[in-house]
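In what follows, a single structure is set out as structure tokens and then discussed.
The letters A, B and C name the chains in turn, as written, and every chain counts its residues from 1.
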Amino acid sequence: MAPLLQLDSITKSFDAVRALKHVSFDLQPGEVHALLGENGAGKSTLIKIISGAHQPDDGSLTILGKPVRHFTPATARRLGVACIYQQPALFPDLTVTENVALRLEPASGFRRVDWSTRRIRAAEMLRQLGADINVDAEIRGLSMPEQQLVEIACAFGSGARILLMDEPTASLTQTEQVLLFAAVRALRDRGAGVIYISHRLEEIFALADRVTVLRDGESVGTSAVSEVTESSLIQQMVGRALTQTSPPPAGKPGARKLSLQGLGCAASGVRKVSLDLHAGEIVGLAGLVGAGRTELAQTLFGITPADSGVILLQGERIEIGSPAQAVAHGIALLPEDRRRHGIVLEMSVAANISMACHRRLFPRAWLRPAAERSLALGFMRDLSVRAAGPEAPASSLSGGNQQKVALARWLATKPEVLLLDEPTQGVDVGAKAEIHKLIRALAGAGMAVLLISSDLPEILGMSHRIAVMRGGSIVRVLPGNSTAQEVMSAALGQPLAPDRL
Amino acid sequence: MTRYFREISVTLALAALLLALAVVAPSFYQAQPLLSLVAREAPTLVVTCGMALVLICRQIDISVGSQFSVCSVVVGLLTSLHWPLGLLVPAAILLGAALGALNGALVAGLGLPSIVVTLATMVTWREGLRWLREGLWVDLPRDTQWFGLSQTVGQWTLVGLSLMILALLALAMRHLAAGRFVYAVGSDVEAARLAGIRPRWITFAVFVLTGAFTALAACMNVAQSPQVDPNSGAGLELKAIAAAVVGGVAISGGRGNLWGALAGLLLLACVGPALTHLHVEAYWEKATHGAVILLAVVADGWRNRKLDLR
Amino acid sequence: MSFLPSDSSLPNPSMKTPRRSVLSRHETVLLIILAVEWWFFSAGGRNFNTLDNNFDIIRHSVEIGLLALAMTAVILTGGIDLSVGSLLGLCAVLFGALWRDARLPIGWAAALTLLAGVLAGGFNALLIAGLRLPPLIVTLATFSLFRGLAEAITHGMDTYTHFPETFQFLGQERWAGLPAQFPIFLVFTAGIWVLIHRTTFGRSFRAIGFSAEGARYAGIPVERRLAMVYVLAGLTAALAAIIYTARLGQAKADAGTGYELFAITAVVLGGTSIFGGSGSVVGTLLGVTAIAVLNNGLVHMRQPREVAGMLTGLLLLIALSGSVLLKRLATLRQRWQSFPKPTPRISTL
């Protein structure tokens, strides 16, 4: 039987980073093919190539036996590729019926709308997926999983036979997961192929027919799910020789600076987090996508303020209701989304660097261009930021340099507590080492650092302790000299059984 | 069906107001003045239809008042030149559509914010008209008022006409695919594009339609009196926006329908006379419109916040 | 420490300060337009290029100039305030009522009027910054509300006149050789310029205009800054109302009608982006001057007032379209360097 999708020896690089190296992959009709790998192993790049968002540098892509060139998202949709992301592309003010209809019906405007047919068809499609959703409900009023089901129905209904699902169960409850699985099985039974990315091994064993493991941009192997065990999968995911690229952290942590007790935020999913950060300590926050690490950082920084629990700073209870308050308390956050939150693209490097420390740098609210310039030049030198000058707009810098500017902004505030969310994402190896050195120096000078990273070697090499999150809370706190397997197991929710590894 | 909560509540409020008037100021319910009131609001209703369309598409058009004035004067002048109705109305519609097309081209074609574009066209048409006409009213030939019919029949005709236009547009917006596209574009432009809809054309068409409706309303306005007031469109855009917004059409686009706008218009139209009968001065009318729009917007904002925080 | 070649951001990573000219390219164009206007009207109308007339231009443009300056700050944050003209009318009427009916001394009446402007601006701020409602529709509603209140107070017809001579001096006479209201305008302009170009407040306005979320993540108190600009707009409208009353010697409910259009046009003409983030006070001043000279020149060519209004509307459209078209041209040029094609947006409310 001809595969729905065939990728041969796909290679893709971004600047000097090789995201995929000669990856081959195929999807048969009527199967659920899981894609497994650490964060940064190349899964999202592969997905983007399949959906047409990126073009491979080398290798070939074949859909239903026909090779495809100049693969754009529009072409992909036409050839039957559909992406089910966590944010469905639905119309929030319109009903389920209408959402399904608008996706399925042709785009010509001058025809009559048959509402009864529309309703029947939408209801039928949802029923086939096993979903019990009122077709007259507005999308805005539906829960996220319900919206996902509608999105799946739309995609399948409009002829998509290759469905890409990226962490679809990240925020679902048990019962909602069951519904989603039923929908996926229904799709499979109708001949579609589903590429299913998830970190939850139990899901893969429950749902998938085959599983491919990616590691460092390469495919480690494709096997039938019946032929593997959890431990063999984990071994494949992390099994490289872990040479420490950085020396283990020196120095002993000092007094307790920040103490979180039972911290929770219903809106963002943070659940009863308790953690202490000490002066001079680097605490790594590990976990998989959707575990709640960024949400915890955002709660600590006041973006989504906590509604339960206590935050103690130097022993005193504080409220953090907004980022401005967090900064006033000496807490800094380097956000994950650099382009939207880390910097303001249209403003200059110098303006970006000074943006969080107006109070200190510009007393009485008076701008001092010379002081700002020298501050910027200092950081540009220390972090080796390559730009035409401090006046250059941040948009003219490469991604790595933009990240350095974002970091410089927070270093300029001389914080007590530094929250770093993926600080070396998109940064080249040389700059990465510089940033690590800098973080260590900051910790050495007494700062408390929370390091969120999906890069296991980074976390293992930098942290005094590693807190592992899963499902919005901290499930385990490991010592800094733990192994990658231990961290990954904790992140996956596996019980620690060293003899099995 | 909580989906139509706003429309239902506006209708209930209207019913309550009418009931209260029946008790407190029964003189409100006299056949001829009431008919005159409704007939006077008929052109506004037609403009409100166009405005609702624009708002649902997530745009705004504050130039409809000036378009109305311009079209009224042109229709008046053509009437005094004894143009037959069969030529007059299409010519007016063409003019209105052209005015709307200019707005549409700038908003859809160049991506300019509709508020600023229509602010500019509003002033340009208004001042241009004032300049050319020097404030003169247009005197109409004697037999042209009420389409040559008697006043009562003429008024009923206008009311019927406006309701028919409303019904037709409401039908199109519900049962014509293009009508649904307007909702789609107003709800989420990106999703619309993904679904194969062309948002720029839809937006352009919406402004053109609004212009055409305004021209129609201008014809209905001219038919009502022996003269044409070049200032007759003043404040019309605010009335139309207020009626639509009160009737449940959301500023954020993608929701609302014309029946709610009708209820909203009637509600606002009754507020004026109600105030008069309660011996409150008519000068509070503008302030009332502003307050009403604010209340509706706050209510909508609060509702959206509750839903989005789930 | 070696840098990998992937870090190629720009051709010449020199660290020298680039030479900045005093005026941006847009402002230079505007100056040229002004010069052309001036030449045109001097040739076409008598009495144009006289001292008396120049002072007249200044007198007429002070009120619009004040509104335009405040509007610059609002538009910098990515917002808009359509209610300033109506608020001017309301404040003028309040001022008259306080003086004539409440028999307050003129100084107290002025002070309370300024307070009223602050409160009205605060009302806008409450809805926009506090309740996070779109500034467009809020100020459209208050545009109607404020004018309506003005009409209600005056019962649609009342006019407040017979203000004391010392007060009218402010609007009609000269002081140290210049129109009396000019020093106030100068002080205000200096203040706004400092606020926008020399303080952290102005910096945060820009940041908010470019990216409100990005500004929030940088610890900027976004809601407080937004409230500031709308309150400032309210205060400015009140100040303009007082000067307006002094100039005309009377206060009516229709004072300031259409001024919001002039203000917005001046701001956009001056190069401030309607989408927020970039703009300058100097540009706005040039825009105000261009409009004032246009209005005045047309009067001298015996053109009726309406022509000025029409041309202002057209000017606004041309200015807006021009900047978008220029940007499109620049993007087209960029496309040669195989960047991804930007989807032309449809601007929404």
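By our rule, contacts are C-beta pairs under 8 Å (C-beta built on N, C-alpha and C of every residue); 3 or more make two chains touch, one makes a residue touch a chain.
Since the model is a prediction, treat every value here as computed from it, not as a measurement.
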Is the C-beta contact count larger for A-C or for B-C?
B-C
Would you identify the chain whose Cα-based centre sits farthest away from the centre of chain A?
B
Determine the centre-to-centre distance between chain A and chain B, using the mean Cα coordinates as centres, and give it in whole Å.
48
Go ahead and note the Å separation of the Cα centroids belonging to chain A and chain C.
44
Cα centroid separation, chain B vs chain C, in Å, comes to 30
Of all residues in chain B, which are in touch with two or more distinct other chains?
253
Junction residues of chain C, two or more chains touched:
none
Residues in chain A with touches to at least two other chains are numbered none
With touch defined as at the start, can you tell me which chain C residues reach chain A in the complex?
1-10, 12-18, 197-204, 206-207, 210-211, 213-221, 277-278
Chain C contact footprint on chain A (complex, rising order):
15-17, 303, 322-324, 326-327, 333, 335, 340-347, 351, 355-356, 358, 362, 365-367, 373, 377, 380, 384, 386-392, 396-398, 400-401, 409, 428-431, 434
So in the complex, the part of chain B that touches chain A is made up of which residues?
1, 3, 174-181, 183-184, 186-188, 190-192, 194-198, 250, 253-255, 307-310
Which positions of chain A touch chain B when the two form their complex?
77, 89-95, 98, 101-103, 105-113, 115, 136, 138, 140-141, 143, 267
In the complex, chain C residues that touch chain B
80, 82, 127, 131-134, 136-138, 140-149, 151-152, 155-156, 258, 261, 264-265, 268, 274-275, 304, 306-310, 312-314, 316-317, 320-321, 324-325, 343-349
